[in-house]
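You will see chain A twice below: alongside chain B first, and alongside chain C after that.
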Partner chain A sequence: MWKRVSMEEIQQPSYKEYTSAVIKDLSHDTVKIKETKKLAGLPTEILALRDKAFGIEGKFINMVKDFYNAGFHIEISQNSNVEKPIVIDYITNEQNNTLIDYNIIEAEANSQVTIVFDYNSGTKGFHNGITQVIAKEGSTVNIVKIQRLGDEFNDFDNNLVIVGKNAMVNWSNVVIGSKVSAFDVAVYLDEVGGTFTSKSIFLGVDSQKYDMAYKVYHQAPKTTSSVDLKGALKGSAKATFIGNIDIKKGAKKAKAEENETVLLLDKTVKSVAIPALYCGEDDVQANHSASAGQIDEDKLYYVMSRGFSLEEARLLMVQAILNPVIDLIPYDPVREIIIKGHIGRRIIK
Partner chain B sequence: MKKPDIKEIDFSIYDVKDNVKYEYQTGKGLSKEVVLEISEQKNEPSWMRDFRLKALEIYQKMPMPTWGVDLSQLDIDSIIAYIRPSAKMQRSWDEVPEEIRRTFERLGIPEAERKALAGVGAQYDSEVVYHNIKESLTQQGVIFEDMDTAVKKYPDIIKEYFMTKNVTPHDHKFAALHAAIWSGGTFVYVPEGVKVEVPLQAYFRMNAPGSGQFEHTLIIADKGSEVHFIEGCSAPQYSVSNLHAGCVELFVNEGARIIYSTIENWSKNTYNLNTKRAIVEKDGIIEWISGSFGSHKTMLYPASILKGEGAKAEYTGVTFAAKGQHLDTGSKMIHLAPHTSSKVLAKSISKDGGISSYRGLLKIGPNAEGAKASVQCEGLMLDDISRSDTMPVIEIENDNVDIGHEAKVGRISDEQIFYLMSRGLSEDDARAMIVRGFVEPIAKALPLEYAVEMNRLIKLELEGAIG
Partner chain C sequence: MRETLLEIKDLHVEVEDKYILKGLNLTIKKGEIHAIMGPNGGGKSTLCNSIMGNPKYKVTLGQILFEGEDITNLKVNERAKKGIFLSFQYPEEIPGITVDNFIRTSVNIVTGQNVTMLQFAKDMKNTLELLDMKSEYRSRYLNVGFSGGEKKKTEILQMAFLKPKLVMLDEIDSGLDIDALKVVAEAVKKLKTEEMSILIVTHYNRILDYLEPDAISVLMDGKIVKSGDRDLAKILEEKGYDFVRNGV
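This part shows the complex of A and B:
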């Protein structure tokens, strides 16, 4: 695709087993979890989504569908409120360095759940996955995806989100790892009153390449979406952001909002933003904005006059942008020590 | 609440078909023979003929663009590439054949020339029929010449600048097409330090059905000079497709300033696939003012290449897409030098199933330290069968920049109407006021006389008692 991080340079690995996923679930009987591999077949509701376009590129989708070696099918029963987050810990190491996960989440009517995907550890490897989320009428699904894989990883993440009547999906991507990392989130607001919000961050350093896309399709009246992406780039890092808001005819009273803010920390970074807005309905409120620039010199000067070094001052400014999103992660140990620590180390070198 | 009935542009004065005799025309389609014929008819120097033939080869190799508007209905092989009215280029309106003169009079061109313009060029189908400039400007060394004459009169300059360092035939398929069969247009040279205070105008009129117009405009503003160039276009409505593939090349030298205004009102059977580009040197300024109202399908993205330190560019555009129209316009701002700045304000109105698209590029190169850029897009939709799309691309390769982009789409809100009505306006008046306010930035950017002309052109009429 145009302007995107080139996928041509990625060597696809040969098939390997992956066995080191750990799932933490304290919800007892309102949640049914099975390994996708052990399902007799894909659920009919997932098969019915065949026509919904999603994903970075067809070949990545096909690869997962044919060769997945991990992944979970999670079903949340009707009217249940799962209070503790379900955490899927995809650990990688030398033996388990090829992760191809296929995750399916079905939230039944009026249920509530939070699911954290934590892709972590390892140094070198490959990840390509699909996550499909079906949020049925009145349900609330919170998804957090943390990508903190090792610096020699190639990471691809394809997501499809179907939001039902008056349902709500809150999404968050935290992207700080891998050498090349691409994700694509396709959101279908197909029924009245559906809501999708996304608050995400990225930090790219050295020669990291990120490719991030949100595509939100408003197909029903009174649907709402809000996409907010904040990030910082340092060294010779590159980031591409594609944000499509597509309001179809008939989506009356739809509201859509999209925002991207990028802090540019070095002369050698590269940032591309394509925030497109397609509108086929007049009774809507849609806007998007994108901004990019350096840290305000006056602010840096002020902080440094209080005794901080230049690098410390820059870190504070980056934290001021990223932390409000990190604080939303419902997963204390990762949030405080690992992610914030990681960002600190990456900015101050 | 009742929706306003915002009428389409009144085409009646533009829609008069003339019964003009054509002295010469090529057959339909495009081939080496057609290109050679055009060159021979124009009695051109051999370098231009060779240039055309080379461009034709490039054209034949290049694929059609696969993005933007749907061009599948455009059959270039049925377009007449060159059609010459039986009229010689004149310096006085009295000598222009009556049929043609009447058309331009209806369009108000000779009157505008007397009142408000420093020079006028009028092109009828493939050839320029009138070209004249005020004596005082000639004395200051300003050159304002039709392109075909310029090729013969100033071969050194034209050879150096014509589609070599700005737009080239390699850029895209329609640039190559233009290079192969271009005809007519204007060449302007403004010497160092000369400020042309009154605008120059070129008016392009297509009359013959199924024909194409491929005029070439080349403006060189030397150091510290200033010029305002206005371009107007129209054609009567036919059932067969017409094609307009013009090319505008602007050179803004150190400290110079060019204002380039276009009021495009092609008939709704016209494919408008135009290429415009400005190269701006140190401290130079380019201002694009663009009103796109006509045509069946348009693809037009004026580009500003900010090459010298401190160069500036501005783009102000209004697009009005009504029934059967797909207007895909935008701007390209390419920052290549330090402390360059650019500003884009794009407004669009869609109505009766019209599609208006903003497609833009903002690129900040690695050397453009301290660049500043802002892009603002607003779409106003007047009903739910139309479309308004915004596709901006922002590419940054440097950290010392200040970039902002904003876009919004919506309709006239009930709150705004309510507020104005609470202040004593009728509903219709309130709507009219909001629509007028929406297009105001472009009306403001034009010189007064021309804004009046544009108002006549737009005639946004609202139902009810609105003056």
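This part shows the complex of A and C:
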């Protein structure tokens, strides 16, 4: 990973308190929310996941497990449909500039929930976190992770997703902040009929470096996964996309799909796609595609014929890639405007 | 005698190393409706793209004058700001940007003024009605998943807001059924002001029946080979382009 983001290993920060997380809408009787550090011990179901490989690197995992200073345990009761999204606002500032969060989400059978993690503000700092999601039989869990931390942040995010029988996890990463940002999403489709979808976007400008990995393990029949990542790079930004699809023997009728589309706004950017498909079963459908290219000249001409300058037209093309995902995210319109504005300012400088 | 809006002198245009226009001359008066007809590959779309300023079309010789000013080397967006509008034969799809958002931004850029939400909403409602379009189009992504006819109507919707001096309709009639063609043609007629000039590129007479051009020019092999009035279109329909080609 260090080589991919072309940097030396960073120094781990010394332990510090973090106290500025805000979580809204706690008053729902079918949702139990507790700070992870206030739990008597980790839930047995989480302890049972010890053998599931996940995360960017072992030492990031260990760091969180030993030193986490934030995070929530969220439990959704059986058969409950939580209509309003639960938003966890991880605000950073000068005092709270080291965030090590450990989040655990347990969606009981046939429950439905949407959880938005918004890592934001601050200028300089460090984030390393774990999020573990267990979606039990028939549940639907929507996870949105927005990373819009300040320009001098180092950000690491480790995710483990367990999808139960006929359960569905819909995932979305919105990556627009930090100097270095790496995430890893490991998905285990362990039981029949499980589905994982990811629609994610990134925007890298200046010298931002992103390392993004999705690793999907199909371990049961009729499991479905689809990973879609779209982004744009400007300046000397660099992005690496790792997409692993691993279909184990016995996962008959599994379907897996993986796409990456990157818009290259300058010749000085770097985009690397490393898709891999491991297949131990014949009766499956798996596709992957990756494309990186410049803005379509015909589209630019069309937009400019309506008065847009080249710069304005380029911004519009970036929005055309990113907005369809932003528009899907179930959060309040104010947040949407902030994020779209942030993207605009980063493209037109 | 009406004033000249657009004057094209000895225009030579190359696309991907191939000469398409080879010394084209054309004058469009203010307020005039001018139809360009001609066989496929004769250079009709090239003419529209050259007037709009598509960078893929390289002017190697000649001049394009708009209101007396040489615009041959002007950028596309600068031409748009001067009041030149092209209704595309194949409008591009722009995901992530709604019809409303696109048109409002474009009006603000072209006019240099911020149109109020209230005025915009009012104008939008009226124009959508004129084009027989549902108001839900406003919040859809521009041209994404639109049928051919819906795309053409959306071009006219944009034209209505940008209020150009020169409108070029590049095969506006292709992809439209008879009913939609009538709606579009009548909308264009209503939106046309006395000052506005329209250049229609078409193969068919039907749209000309609605829009009643003042002049018709035949474009073949990169040049205007014949000009005339409304009757010329009827002769062309009867006798085909060979009639012109044979120099009768």
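By definition in this document, the second predicted complex is superposed on the first by the 337 of 349 C-alpha atoms of A that agree within 3 Å, B and C clash if a C-alpha of one lies under 4 Å from a C-alpha of the other, contacts with A are read in each partner's own complex, and residues count from 1 in each chain.
The rule we apply is simple: contacts are C-beta pairs under 8 Å (C-beta built on N, C-alpha and C of every residue); 3 or more make two chains touch, one makes a residue touch a chain.
Here the structure is a predicted model, which is why all the values come from computation and not from measurement.
Of the two partner chains placed around the shared chain by superposition, chain B is the only one that A:275 touches, whereas chain C remains out of contact. In the superposition on chain A, contact is made by A:284 with chain B only, not with chain C. In the superposition on chain A, A:266 makes contact with chain B only, not with chain C.
When the shared chain is aligned, no partner comes close enough to touch A:66: not chain B, not chain C.
Residue contacts after overlaying the shared chain place A:309 against chain C, while chain B stays out of touching range.
Of the two partner chains, chain C is the only one touched by A:323; chain B is not. Once the two complexes are overlaid on the shared chain, A:249 sits against chain B while remaining clear of chain C.
By the touch criterion defined above, A:292 reaches chain B but does not reach chain C. Here chain B and chain C are compared by how many residues of chain A each touches, and B touches more. In the superposition on chain A, A:301 contacts chain C only, with no contact to chain B.
Chain A has no residue lying at the interface with chain B in one structure and with chain C in the other. Remark: chain B residues 366, 369, 379, 381-411 touch chain A in the complex. On the side of chain A, the complex with chain C involves touching residues 296-299, 301-310, 312-313, 316, 319-324, 327. Partner chain B is touched in their complex by these residues of chain A: 3, 249-250, 252, 262, 264-294.
Of all residues in chain C, only 52-56, 75-77, 79-81, 85-86, 88, 91-92, 94-97, 102, 105-106, 109-110, 141, 158, 162 touch chain A in the complex they form.
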